[in-house]
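By letter and in written order, the chains are A, B and C; residue numbering begins at 1 in each of them.
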Amino acid sequence: MGVKLLLEKAHVEGIRSYEVYRREGGYRAVEKALKTMSPDAVTEEVKKSGLRGRGGAGFPSGMKWSFLAKPEGVPRHLVCNADESEPGTFKDRYLMEFLPHLLIEGLIVSSFALGSNATYIYIRGEYAWIPDILEQAIAEAKANGWLGKNILGSGFDCEIYVQRGAGAYICGEETALIESLEGKRGNPRIKPPFPAVKGVWDRPTVVNNVETLAAVVPIINMGGEEYAKIGVGRSTGTKLISACGNINKPGVYEIDMTISVEEFIYSDEYCGGIKNGKRLKACIPGGSSVPILPANLLLKTAKGETRYMNYESLSDGGFATGSMMGSGGFIVLDEDQCIVKNTYTLARFYRHESCGQCSPCREGTGWMEKILKNIDMGKGKMSDIDLLWDIQRKIEGNTICPLGDAAAWPVAAAIRHFRDEFEWHVKNPQECLTRNYGLANYADPLVIPA
Amino acid sequence: MEGLLLSLFTFHFSLFMVPFSEEKLAKVQEIIARYPEGKQKSALLPVLHLAQEVHGWLSAETMDYVASLLQLEPIEVYEVATFYSMYNLKPVGKYLFEVCQTGPCMINGSDDIVDYIKQRLGIGVGETTPDGLFTLKTVECLGACGYAPMMQLGKHYKEHLTREKVDQIIEECRKTAGQLN
Amino acid sequence: MSEEKKLFKVTIDNITVEVEPGTTILNAARQIGGEVTPPAMCYYSKLKNSGGKCRTCLVEVAAGSTADPRPMPKLVASCRTTVMDGMIVKNITSERVLDARAGVVEFLLLNHPLDCPICDQAGECHLQDLSYEHGKEGTRYEFNRRTFKKHDLGEYIQLHMTRCILCYRCVFVADQLTNKRAHGILDRGDHAEIATYIEKSLDNDFIGNVIDVCPVGALTDKTFRFKNRVWFTKPVDAHRDCSKCCGEVQLWMRGDEVFRVTARKDEWGEVKDSTKGGPGWICNECRFEKKDAKDWTIEGPTQVSRHSVISQGHYVNVVKPKETLPDVMGGRGPKLLMNIHNVSEVNSPEIELSKIAGPAHSDDFKNSLDNGK
């Protein structure tokens, strides 16, 4: 059993309510921070903890906080990014649904550190029932003096508001989220200026992921240095992983980042192995945008070392033989899955979600989708594979926001590791409609479940 | 002439647009108060959600009304309403089935679920049953990948879908609709 | 004690120039001029917030500044990146830039109808110039090109959405030059379009300037539609007393007939500053209603770059050419094989330009139009 910092109390009955949450030690971090610490001291603890953004980019959160501009007389804002939309990722939803007060507590402490008197939770529109849960928790917190004016006599005022999006993956990008919060189309802004200087309503703004802000609670409770002792290297603390695909136990798991990928997939504590006794073919370990890895490169690095569930190990080998921790959306594909079809559905997703502002993404995502659909339907040409490679190369790095990269990487990785499967589709236009390519030879060595 | 214009105006506003109730107008004021002075445009997404609750979709008249509530130009509302996929710009059935079809749902058989719903309701994707009860839509990732295949129905998610479960959901909808009538 | 303002030194393709702090790389390059200036399809110096979207002006920053000489990892949009002292920029000397730019040109042309033969913008189209200078021959795109539902923007402005590259310039014009914007970008992704949502004509006094800022043939002058090719007309500078705008324009004439009125443009294709100061935007009345040479005081021929196709209409014999066809045909006018207004209906799903082998022929349209009936 690994350390649990966020989900420790997730199964306590009634933990969603204020009374139970408080009885279980909730809001201690607010007491500690507001009564005994200065805002800068809170930021300092977060820096010491080594906490990295849990939304996908993995940027050190304490550093992000310290970039926040603090011009005299200009209000600042903290915005919680709850626009969880990366395929494979559903961890923030779990946190908000079952432990709403943990997020609220993290938000109060973080708002105090950043000097945000009005803090916003921007939640994806499809999670339509969760704002009610969060607003209920906010009302309870306010009724008990944890929100409002002069909290705990500290002189700090804070209100938290929930804002619902309306269906746009792009609003998970922080500047698109800010635009959306301002009531506009979710077009990412051109940077600089960065939100830390000019964010929502042109005021200095920090945008953090739900899990990141929830993690501030244990950091303050135990101290940044203690938190940093959990995990390994620059992967400190615990990480929520949402596991899905062809596994026995899909769901949200909290891991300390010392366990191996193999343990995560096969142990009963986590995914419980591949469903129906099938064999592992491939995995997208950090949400649909990160490179897909064949089984052999997933469990072991190219150097033959064990691969672990942390930032460094998952990206070992770069994009050539590694992937990324990303948002923690862990998608497992068994031997019966078709890589071409899977890549096609992801390409369709990115085409659907492109805001259309800059030309490489607007035009390139649709082009890739069409070619992939053709290959999947047995209508592809051999030259299409190289064409796909060239298109993704011309999108990557050339767009306003990272959606271009997010659309390019899955296609690049699928071709890099599974080119033979693409070629098989082209060479066998009839057969590919009736059966899948299977494991071929890249899935070795495999751990075969007993 | 004036009378004609007036009646045209009333007709224009009455067909697809019901002005907000007192309760809703109060809610709009409460939402606007969340933002700094003069930044009422920020209330646009939440107010469009409120407006969609009335008819299940947003007509141009409704959007013009929202624009007047928030002191915006109508085009600012159209730009936003057409950007986000959850705003229905055409009428939809009483029950809107939005089935996820992205990667993780696809590998868990969402194609089969979509086909089954099509067959059960006798409609294609994007269509509404003649009785106006059901509309079927396919959508991209809804963030329930661990509970695939799944769909959104109104405010809630229906997860771990099977053919049996789809039957059950359709039956429940029909029953509720019958009780409402 | 006047302290001298410190200028920033920036080197672009090995040419060093000194510019005011806050200048963008693109504007620094424009001070040098010539080939080292990156092309810009969406940036427009006279429109606030424009730029950053089309990605044609991407450049490589080989050294950030003297203080921090590290290179920037990604190519940057030169129109939105300000220079630092000692910055080293590579534009046409960078393989990476040329490769990315060729990619952007291909993306911009992917769904473009390539209907230049019937497009009024041909001859002064920035997309034509861009593809000529930075594009590759042929396309690798083998799918149906995008079509849109048609929108009528009223009696002055013609919209061809299929040609639009979504530069947003026309939206900024409406925001910044008129008091009430009626059109905008609707929908998203590859279906995003310029529209009004409900049919509406654009008739604000200054809305005609969207035609001048449009880099392609998406927004053209309806009063000039199919009247003439721009290279057959001769531009002259002219002015009149106008209560609404500067009244300084360019008349596009053939003989003594005024075919079109536009604002005066500089070498970057942008509206010039007027002699009264400020950008020389013109009003709808000057643009659309004053088509008689008597309305104007003609100053003289407009300077046209020798590279431009327009310069081939030399300023010799500024009288209306004699129409010879009726003479040859015994007094009869030419028989129209078909009405060009019908031919131009390429924005309809029945006509699939990408399916037509070779140059489009009027029969391609004729058949499908007949079928449509």
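Keep in mind that, in the parts below, a residue touches a chain if its C-beta (ideal position, glycine included) is under 8 Å from a C-beta of that chain, and two chains touch if they have at least 3 such contacts.
Keep in mind that what you see is a predicted model, and the values were worked out from it rather than measured.
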item: Dominant chain pairing [most C-beta pairs in contact]; value: A-B
item: Central chain of the complex, centres being mean CA coordinates; value: A
item: Distance between the centres, which are taken as Cα means, of chain C and chain A, whole angstrom; value: 41
item: Distance between the centres, which are taken as Cα means, of chain B and chain A, whole angstrom; value: 27
item: In chain B, residues with contacts to at least two other chains; value: 79, 83
item: Sequence positions of chain C contacting 2 or more other chains; value: 185, 187-188
item: Residue list for chain A, restricted to those that touch at least two other chains; value: 168, 185, 352-353, 355
item: Chain A-facing residues of chain B, complex; value: 34-36, 39, 41-46, 48-49, 70, 79-80, 83-87, 101-104, 106-108, 140-148, 152, 154-156
item: Chain C partner contacts - residues on chain A that touch it in the complex; value: 168, 185, 190, 351-360, 362-367, 370, 387, 394-395, 397-400
item: Interfacial residue positions of chain C with respect to chain B in the complex; value: 180-188, 196-198
item: Touching residues on chain B, where the partner in the complex is chain C; value: 60, 63, 73-76, 78-79, 82-83
item: Contact footprint of chain B on chain A as seen in their complex; value: 75, 84-90, 93, 118, 120, 124-129, 159, 161, 163-169, 180-186, 201, 242-246, 250-252, 284, 288, 329, 331, 333, 337, 341-342, 345-346, 348-349, 352-353, 355
